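These notes open a run of structures that come right after.
What follows is a pair of complexes built around chain A, which joins chain B in one and chain C in the other.
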Partner chain A sequence: QKVSVEVLDHLEHLALVDFRDSEGVERLQKAIQFADQLHEVNTDGVEPMDLVLEDRCLYLREDDVTEGNCTKELLENAREKVEEYFVAPPGNIPLPKLEERETFLQGS
Partner chain B sequence: LAPWIPVVGLEIHAQISSNSKLFSGSQVQFAAPPNSLVSFFDASLPGTLPVLNRRCVEAAVMTGLALNCSINKRSLFDRKHYFYADLPAGYQITQQRVPIAVNGSLSYSLCIDNKMSQMVTKTVRIKQIQLEQDSGKSLHDDTRSQTLVDLNRAGVGLMEVVMEPDMCCGEEAAAAVRELQLILQTLGSSQAIMAEGQLRVDANVSVHHPGEPYGVRTEVKNINSIRFLAKAIDYEIQRQIEELENGGTILNETRAFDSKLGCTIPMRDKEGKQDYRFMPEPNLPPLILYDSKSLPANMNHQQVINIDWIHERLPDLPSVKREKLVEQYEILPEHSFTLLNEDGLAEFFESVVKQTQMKPKKVIGWILNDLLSYLKQHSLTVKESPVSSFLLADLLNLLEKKEISSTAAKQVLAELWKGEGKTPLEIVKEQKLELLQDQKELEQICQAVIDGQENE
Partner chain C sequence: QVSVALKEGRVTPTELCQRCLALIKSTKFLNAYITVAEETALKQAEESEGRYKRGQPLGILDGIPVAVKDNFNTAGIETTCASNMLKGYISPYNATVVQKLLDQGAVLLGKTNLDEFAMGSGSTDGVFGPVRNPWSYTKQYKEKSVPKFHSEDQESNWVITGGSSGGSAAAVSSFTCFAALGSDTGGSTRNPAAHCGVVGLKPTYGLISRHGLIPLVNSMDVPGILTRCVDDAAVLLGALAGHDPKDSTTIQDDFKPFELPDLTDVSKLSIGIPKEYHAPGLSSEILALWSKAADLFKNAGAKVVEVSLPHTRYSIVCYHVLCTAEVASNMARFDGLEYGHRSDVKDSTESMYAATRREGFNDVVRGRILSGNYFLLKQNYEKYFVKAQKVRRLIANDFVKVFRSGVDILLTPTTLSDAAPYTEFIQEDNRTRSAQDDILTQAANMAGLPAITVPTALSERGLPVGLQFIGRSFQEKQLLTVAKWFEKQVQFPVIQLEEVKRHDSAVFQHQKSASFS
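Moving on, here comes the complex of A and B:
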């Protein structure tokens, strides 16, 4: 079962990944096939496990102020800053629609 | 024309009142220099992990209990993914699968036809309460085509309260939110000040004909006060009705309320239906809560949250406080609503009652008609009142002892508002407002008046 172009396009939008070429898509297909092997196990009536740590105690921290006040350090790696604010483009710039961008997915 | 049934549901985000954030030790504070209340975790630097704040969990449990919810003894955390400059991690930690509290209810009261004397009680179902992170703040600089990001708010604990679509208009929604606000403030779990963004409300609105399925709903955001909440909802209901009656359709979209224009407009920056790719938060095991029965014997106290312990220590909720006021002081239910609606007014009333012989039933008139209207006229809070409970009680005592008339009392009160430090008795003497009790003196005055008339 191949992954459809619609799904690949959707993934590129959501995760901002670029499958780049057929090799990238092939790698994805193989990863899905590998994971699909899980379906061979009968899990009727079994609660899914989402964390191996599910039996561990969730540690609760006391409500004390112990961090912060490191503005300088945080801004050190910012490419652009304005008076201690991070600078970002105005709003989200969504990936252009499939028809409008250069991607090998168009040809598929 | 067939009648329309409007359907209104609410999603309310209340900022938890705590010293530090939900998953980090940064301080929670409204105004502070940008990016000064931010830890490495809040900035989503690699290698950092979330550590749950106990106080935030307690706040959510208190709120869940106050709203008659079932508290889930085992709840889970999830990641909700989307891109935005004020969400550095690219996901928000929330509780999508199993939230901390479910299936509650909130009762609120409405005046019929704006008459306070006719109040009706309504109930809205609470679908769930979940713990989640707040995002940072984006300041849009359109002139320079950029956004400035301040992460001080990023990671602050939120309780999202989801109300089922049991409401039908702006007035009901406003009353429900007002009651929730009072409850949160009474519990102390959130200060719920809308103006400071501590309480944010999104409304889901749709209309349909009786007997037909629910219509397409829109989400209305950017509502900054309870008054605007009612306006925004009523506008949206009207807009949808007009659109449908003109043969149009309603889009399942998000709209922003423009308070200046008094209307809702479609929000830009919404790229169709979002796919949040929810997944379990791998760095947090399930949150386990206990009650007296399930309390483990050997665990460190600090690591255990006992739901029953919290339940026993819940303060009187507004509805209980009102009942007690009505019962104890023989005032009307609508009086109790007004008393609780103004911060500090109930305490002021009780303080006056303690210091005067006048019956509470009479005192309440002075509190609600005279004191409150004066405060409103001058935009003062009860705390800022130039007339203290002591002074008012003093004045009412003079009235009760029949040393002055009711009219004179109002005059004295008008003088007291000036806040010049005079006592009621001093003002009475100054303005010669004492009621004459001496029979002979009264007769002399009356005779003089009659004589005066005869001479004209």
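Moving on, here comes the complex of A and C:
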């Protein structure tokens, strides 16, 4: 089944990355088709595996500050900053809806 | 050998460094390096020289020129991951493995080229262009390649290095450095190592720290080691392995660096040949080499058995889902605010992020992010992501069963064929290629097992072919010992670079059979 435009739009919103052109959408379709092969495998009773080191315990360390104070270095790579703040454009404006923004999906 | 030469004063670290830097310049057409840190390298070499003069070298690696893949953070040196997103990003810190190398006195020559964000199997998709396999320029390849290619066509006949650590493999293979770091998520160290005729080691997941390695798939990434011989790989491993408090996925067990014994008796060894690794598309040449290798072990007295890893063919599908899912998450940090590229769009945070990511990422990366997000959607989570995690356990269990049945090491091919010409490789898109090329190397990442590719022989076209050994978790010593024995048996030929030989014959003579242990 093809992926619907709503889902494609939703993905663009979630990922904040655009499909750019029909090739991008094709790529996703092929990827899903490829992944569908997983359903051939019988996984009844199998627990999902997150990490190969699952048999070992994570450890806790002492809650002491051992490093930090590197504000200057951290700010160096940011393009826009003011004093010790990273500057971002206003945040409470959502990404424009499908009809209003520049995206390849508009034509679909 | 070079290390001994340094200690005895036959060559000095600065001389060595200068020769390597000169060689890098004359092999620029390979496009193996993104950044060459000339000044800092010479300074490090000088400091090393001082230590040797005082008779106090820091260890075997003191003064040895190394290169690092450009997805490791290196303080003060640009780290780009071959992407527009990080162009101009100067790391504020050293990755733990880089720090460990520097602490041992190694001389960092520069950062090597890769596929953008280590996604790919050809080292062709980075923004700095593709890496050329040094073997494209050897007498061996030119003699054997189809005669219809005249010298004018030579330019278009070059072969790829494999990926994604192609730059590192090319650098080691062309003698511009003595060892290089790569990263291995689906075969990214072993694939180019096999294509470039060098040793590529993927350590057990959790042995070497990932702190400072820009992550792709947190549950499968490991730093990889590329060297010209197995002994060198053991030395590098000794310097890099061990618990790192900054990486909570490294195990806490003590790691003791080891020297590899010279194995003479293989009769107690049990080698497993997984039949599923006779994958569709495996070239008949490599199949024959694989057979010959199995016979080699058999004739030497080892027990060679056929084994089965039934879920092998699903490993690549499973990887596809898990990789894209983790990538979608890991790439979310690139928003232009704290570092890296930032777009000029100012309307809102979201539109700025979207524009930054549109401008910064190439098609491959964007494709994987979108696929990953698809598999992580609530309606798809169980169906794809959790399902893939379950299949992962089945794959890992396959290995456990085989190792439990008495097999010590698995012997498999590393790649399906020798390196392809660039013009042929780019006919298919990145995802298709990765799916094809990672098939033999991928499962070891799924299960977190150590694996090493050893250059075995030259193909009919005069290009290197490697074979892969997969070992038990954290049993690198056994794995490397067997690999070393194998290396000695096959006597892989030394690369004979044509163009370079003319200019730097003096350098070349010295470095031709050089290893540093």
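FYI, the second predicted complex is superposed on the first by the 104 of 108 C-alpha atoms of A that agree within 3 Å, B and C clash if a C-alpha of one lies under 4 Å from a C-alpha of the other, contacts with A are read in each partner's own complex, and residues count from 1 in each chain.
Note that in this section a contact is a pair of C-beta atoms (placed from the backbone, for glycine too) under 8 Å apart; a residue touches a chain by one contact, two chains touch by 3 or more.
Nothing here was measured: the structure is a model prediction, and the numbers come from that model.
Visitor: When the two structures are overlaid on chain A, which partner does A:16 contact: first (chain B), second (chain C), both, or neither?
Guide: A:16 sits against chain B and chain C alike.
Visitor: Taking the superposition as given, does A:88 touch the first partner, chain B, the second, chain C, both, or neither?
Guide: Both partners, chain B and chain C.
Visitor: So, does A:104 touch the first partner chain B, the second partner chain C, both, or neither?
Guide: Neither chain B nor chain C is touched by A:104.
Visitor: Quick check for you: in the superposed arrangement, does A:37 touch first (chain B), second (chain C), both or neither?
Guide: A:37 sits against chain C, while chain B stays out of touch.
Visitor: Is A:50 touching anything from chain B or chain C once the two structures are fitted on A? First, second, both or neither.
Guide: both
Visitor: For A:65, using the defined touch cut-off, is the partner it touches chain B, chain C, both, or neither? Pick first, second, both or neither.
Guide: Touch partner of A:65: chain B, not chain C.
Visitor: Looking only at chain A, is it chain B or chain C that touches more of its residues?
Guide: The partner that reaches more residues of chain A in the superposed model: C.
Visitor: Between chain B (first) and chain C (second), which, if any, makes contact with A:74: first, second, both or neither?
Guide: Both partners, chain B and chain C.
Visitor: Do any residues of chain A touch both chain B and chain C, and if so, which are they?
Guide: 10, 14, 16, 50-51, 53, 56, 58-59, 61, 70, 74, 86, 88-92, 94
Visitor: In their complex, what parts of chain B are in touch with chain A?
Guide: Of all residues in chain B, those touching chain A are 18-20, 24-27, 33-41, 43, 51-57, 76, 81, 83-85, 138-142, 145-151, 268-269, 271, 275, 277, 280, 282, 284-288, 302-303, 305.
Visitor: In the complex formed with chain A, which residues of chain C make contact?
Guide: Going by the criterion above, the answer is residues 89-90, 92-93, 205-206, 219, 245, 248-249, 251-252, 311, 314, 317-318, 320-321, 324, 328, 335-340, 342, 345-354, 357-358, 361, 363, 366-367, 369-371, 373-375, 377, 383-384, 386-394, 396, 429, 431, 435, 447-448, 473.
Visitor: Inside the complex, what are the residues of chain A that reach chain B?
Guide: 10, 13-14, 16, 50-51, 53-71, 74-75, 82-92, 94
Visitor: Going by the contact rule at the top, pick out the chain A residues touching chain C in the complex.
Guide: Touching chain C: residues 3, 7, 10-12, 14-20, 23-24, 27-28, 30-32, 34-35, 37-41, 43, 46-53, 56, 58-59, 61, 70, 73-74, 76-80, 86, 88-96 of chain A.
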